[in-house]
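Each of the next two complexes has chain A plus one other chain: chain B in the first, chain C in the second.
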Partner chain A sequence: MSIIVKNLSYKYEDEEKNAVNALSFTIENGEWVSIIGHNGSGKSTLAKLLMGLLEKKEGEIYIEDLPLNENNLYEIRKHLGIVFQNPDNQFVATSVEDDIAFGLENLEVDPALMEGMIDSALSEVNMTNYKKSEPYLLSGGQKQRVAIAGILAMNPEIIILDEATSMLDPEGKEDFINVVKKLKEKGKIIIMITHDMNEALLSDRTIVMSNGEILKDGKTEEIMMDEKTLKEARLELPSALYVYHSLKKAGYNNEEVLKVLWESASKM
Partner chain B sequence: MGIRLENVSYSYNKKKKGTVYALKNITLSIDDKDEFIALIGETGSGKSTLASLFNALKIPSSGEEYVFGIKIQERRKRKENYNDIRKHVGLVFQFPEYQLFEETVLNDVMFAPRNFGKSKEEAEKIAVSALEMVHFPKEMYDKTPFTLSGGEKKMVSIAGILSMEPDILIFDEPTAGIDPENRNKLTKLFKDLNEQAHKTIIIITHDMNIVSKYAKRVIVMSEGEVAFDGTPKKLFESSEDQIASFNLDYPDSIKIAKYLNEKAGLNLNPNQNDLNSLIKEILS
Partner chain C sequence: MKNFVLGQYMPGDSYLHKLDPRLKIIATIVIMVAVFFLKNIYEMMGALLILIVILLSARLSILKVLQGLKPLIVLSIFVFVFQIFFNKGGEVLYQTSLSFSISSIIAIVVITFFYFFLMRYMKLKVLYFFLYVSLLFVSLKYLLYPDVYYSFNLEIYEEGMNTSLFVFFRLITVVSLATILTLTTKPTELTLGTEYLMKPLKIFKINPEEFALIISIALRYIPTILDESFKIMDAQASRGADFKQGSLTKKVGQLVSLLVPMFVISFERSDQLADAMESRNFVPGKPKTKYRALKWQTADTISLIFSLLLLGGSICLYILF
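Up next is the complex of A and B:
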């Protein structure tokens, strides 16, 4: 599976400027890509375009050789799963299990297999006890876990996470990251839209967006070193790297401590 | 005055399972000025339910609650108009889109002062000053709120609450989905409101960096009960088992200090309330 984006632009009605402007990139299977950028930089617009939730105005999107357009949308969506920041917007059913089943029904899964798929997805996110619960009674973080379970059950090839961990507590985040790691090992494409620089550090590749354009696209470890680009994109260094850079600027030269500090960055 | 809860419980009645307690035996009081409280705890621990009791969006199932001297009880027993409570205690929800409904940003922020009887001119003055406080760009005042990005909507909803000029401001996950630059602006705003305008600020958050850097008091919720009520310093000094049992994280400053002590053999005081104090400690 691969995603190819060529010269993609989108403008909302009543807006003067393009929300995303002339974006081009390719993502191959097994890649974990972070998309980072300030509020209004175009990250979520890009996610919606990839999902076909917004109709592209200019440029091309190909999902595994299939151009994303009205005719192919249904076929392409089978390969895509998305988790939004606000999980309230994605519940349709009156119980957790029915909600997950709804996604599976759309994929025409054999009902005899559904029960097992639902159970294993809920157990991956530690929500087994809430199988019969009504979604609206769950807390924000619990809803987000159920939304993630829904995606896991559908087993798509491409998973887009739009600020999906912002409401999770530490245990929830850790579980979530472990789930993402497993999905990557299975060769899935993971696209993670985030403000959490510590979290972005876990990905292989990072695309930095600013004012609707791609400011930089490269290896995550290189981008996280690049104070100038992050500043231009109105972002911050991850905490441990902020300490690292500050110490170096102050003339600190204990190389062993600096090395350990560098290592600690991905463990926050 | 402020908010006072005595032995308050809150429960949902469910047909199949009987009574499900979201909050159990909560006793605490919150002053009407100068407090900066972080309300924290794992997902489903009762933080948001407690916050909605603070401005009478929810009513205690048992126990007693007073908000600015008004007893919080079912509608048919009430003597006072609860609109007064909401003038004193403002709540910004997790997902601000539910709070925005007017045709332009400016009208949305003017809604509360208009509703509380201010003239159009006065309301506009209050709204503009609230929008300036959250650094919302002037050229976007006439936009419809629905075309804004998630972060921009949040700023507008916060301005809407500021325009009510409450004494106590509650923010439910205010920095979730907000970029670093705007997060820093927001936390500075909270600090100024607290230190200069003497407002009481209550934030619900999972961000321990904010808790250790800004909060003066931390209330930890666990399974519907208050498990800790004290300073951030005291909380983060408690044992690692204790912190893990609340399903809390440490702030990055403490995590990095501990990692350096363990792996690089340093002897840093791990209780640093922000990264800059940690840097000073390493350089000293």
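Up next is the complex of A and C:
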């Protein structure tokens, strides 16, 4: 599975500037990619374009070999799942199991198979005990995990998370991230949009966006070293990495200590 | 807000809980129609008896059902008063003379004042109201000092009494039936049952699936929206707004200050919800499979026959007597 984006642009009606402008990148099987950038840099617009929720104005998107266009949205979306920011605005049904069933019903899955699929998706996100729960009894983090279960049941290869943890408390965040790590191990492509730099540290690769354009695209480790780019993108370094950079600048080169600092930064 | 109950559903595993929602909806309607064929108070008492048997056999708390009847109180009182004063058929059951004098007028004013003053401290409001009415009655009947300005005869006729009792019990029966339905059926099942029953409406281009989806999303978001409105009210109270006091213009202003953010939030929400649904391959009008299938069982057929028998019985009574 792969995603190929070529020269992708989009402009909202009544806006002067392109919200995203001439984006090009390729994401391969099993990659965990962070997309970071300041508010309004076009991250959500990109996510919606990938899902076919916005109709692209210019450029091309391929999911594997399938070009994304109006006629094959249904096919394309079988490969993609997305979790949005607000836990309350994506829970459709009146109970957890019914919510997960919603996607399966849309895919015309045989009802006899649904319960098994729902159970295994719930166990993947550690929500088995909440199968019958009604949404307003769940915490934000639990709702987001149900959202992931809803996607997992449909078994897409690509999972997009658009600031999915930004409304969660620290505990909810941690549980959510643990689920994401498990997905990565299963070989899913993960595109994690975030402005939490600590979260971005978990990924293999990072794309930095600013004003609708890609400022830099590279290994997460390298991006996090690149103070200049981050400053230009108006992003803040995780605090442990400040220490890391300061030590390096001061000519401190003990590999071991630097490694510990790096690792502790990504655990925050 | 954590204890908010969707509808009034009471979890349980009685036979009424287990019946197919389609049957329950149909049977409720059939029995309601049967009730409207009844003509006199004695038949109505019979219906009430059957209702109580249904309630007991389903192990439903009568108290819960009575709670569902609360909104009826005002309506019943109105019917009662109207019938007693204006329906003058049959024999006179009770007759008395009531009079206005200085003492009775003063008593009425004082009693009324205390009634409203003490209202908020009273638990059993209905009993309290009856106490109030009896006190008024006693004052009008016995306080004749010093001069009587105006007297009138209060006469209660047989027909007025019967009709008001009849209408009262009919109201109770019909509303109890609806309450039993919502007490024993989950909102999800109710929606699903309605969807199935609405299928014939496809001829009129009404899509029952979309209808059911709208209902279920509405049910899903009622608690969330209520919760949100409380948060907004709290936020505005912390900035000095008081939703309980103030002049009318102030209250209207505060209502607007609640409604505007609610609308903004709701529009945003519906946008995002639509995106989430579409992402999960929802296409309006496209065929879907169903996770929850309804299963019609023997018990449902038996219950249907039972409710049809009730209807038949009441039609017979209607024709024969």
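Here is the rule we use: the second predicted complex is superposed on the first by the 247 of 268 C-alpha atoms of A that agree within 3 Å, B and C clash if a C-alpha of one lies under 4 Å from a C-alpha of the other, contacts with A are read in each partner's own complex, and residues count from 1 in each chain.
Assume contacts are C-beta pairs under 8 Å (C-beta built on N, C-alpha and C of every residue); 3 or more make two chains touch, one makes a residue touch a chain.
Predicted, not measured: the structure shown is a model, and the values here were computed from it.
Once the two complexes are overlaid on the shared chain, A:Q142 sits against chain B while remaining clear of chain C.
By the touch criterion defined above, A:D14 reaches chain B but does not reach chain C. Touch criterion met: A:A250 reaches chain B, while chain C stays clear of it.
In the superposition on chain A, A:P170 makes contact with chain B only, not with chain C. In the superposition on chain A, contact is made by A:V260 with chain B only, not with chain C. In the superposition on chain A, contact is made by A:V92 with chain C only, not with chain B.
Of the two partner chains, neither chain B nor chain C is touched by A:T128. When the two structures are aligned on the shared chain, A:R234 is found in touch with chain B, with no touch to chain C.
Comparing which residues of chain A touch chain B with which touch chain C, the overlap comprises 86, 88, 137.
Every residue of chain A that touches chain B in the complex is listed here, in rising order: 12, 14-15, 37-41, 44, 85-86, 88, 137-142, 145, 163, 166-172, 195, 197-198, 234-236, 239-240, 242-243, 246-247, 250, 252, 256-257, 260-261, 263-264, 267-268.
Chain C makes touch with chain A in their complex at residues 1-2, 4, 6, 187-188, 216-217, 219-220, 223-224, 227, 268-269, 272-273, 275-283, 286-293. Within the complex formed with chain A, the residues of chain B that make contact are 12, 41-45, 48, 94-95, 97, 144, 147, 149-152, 173, 176-183, 206, 209, 247-249, 252-253, 255-256, 259-260, 263-264, 266, 275-276, 278-279, 282-283.
Put simply, chain A touches chain C in their complex at residues 48, 51, 53, 74, 77-78, 80-82, 84, 86, 88-95, 97-98, 101-111, 114-115, 134-137, 147, 150-151, 154.
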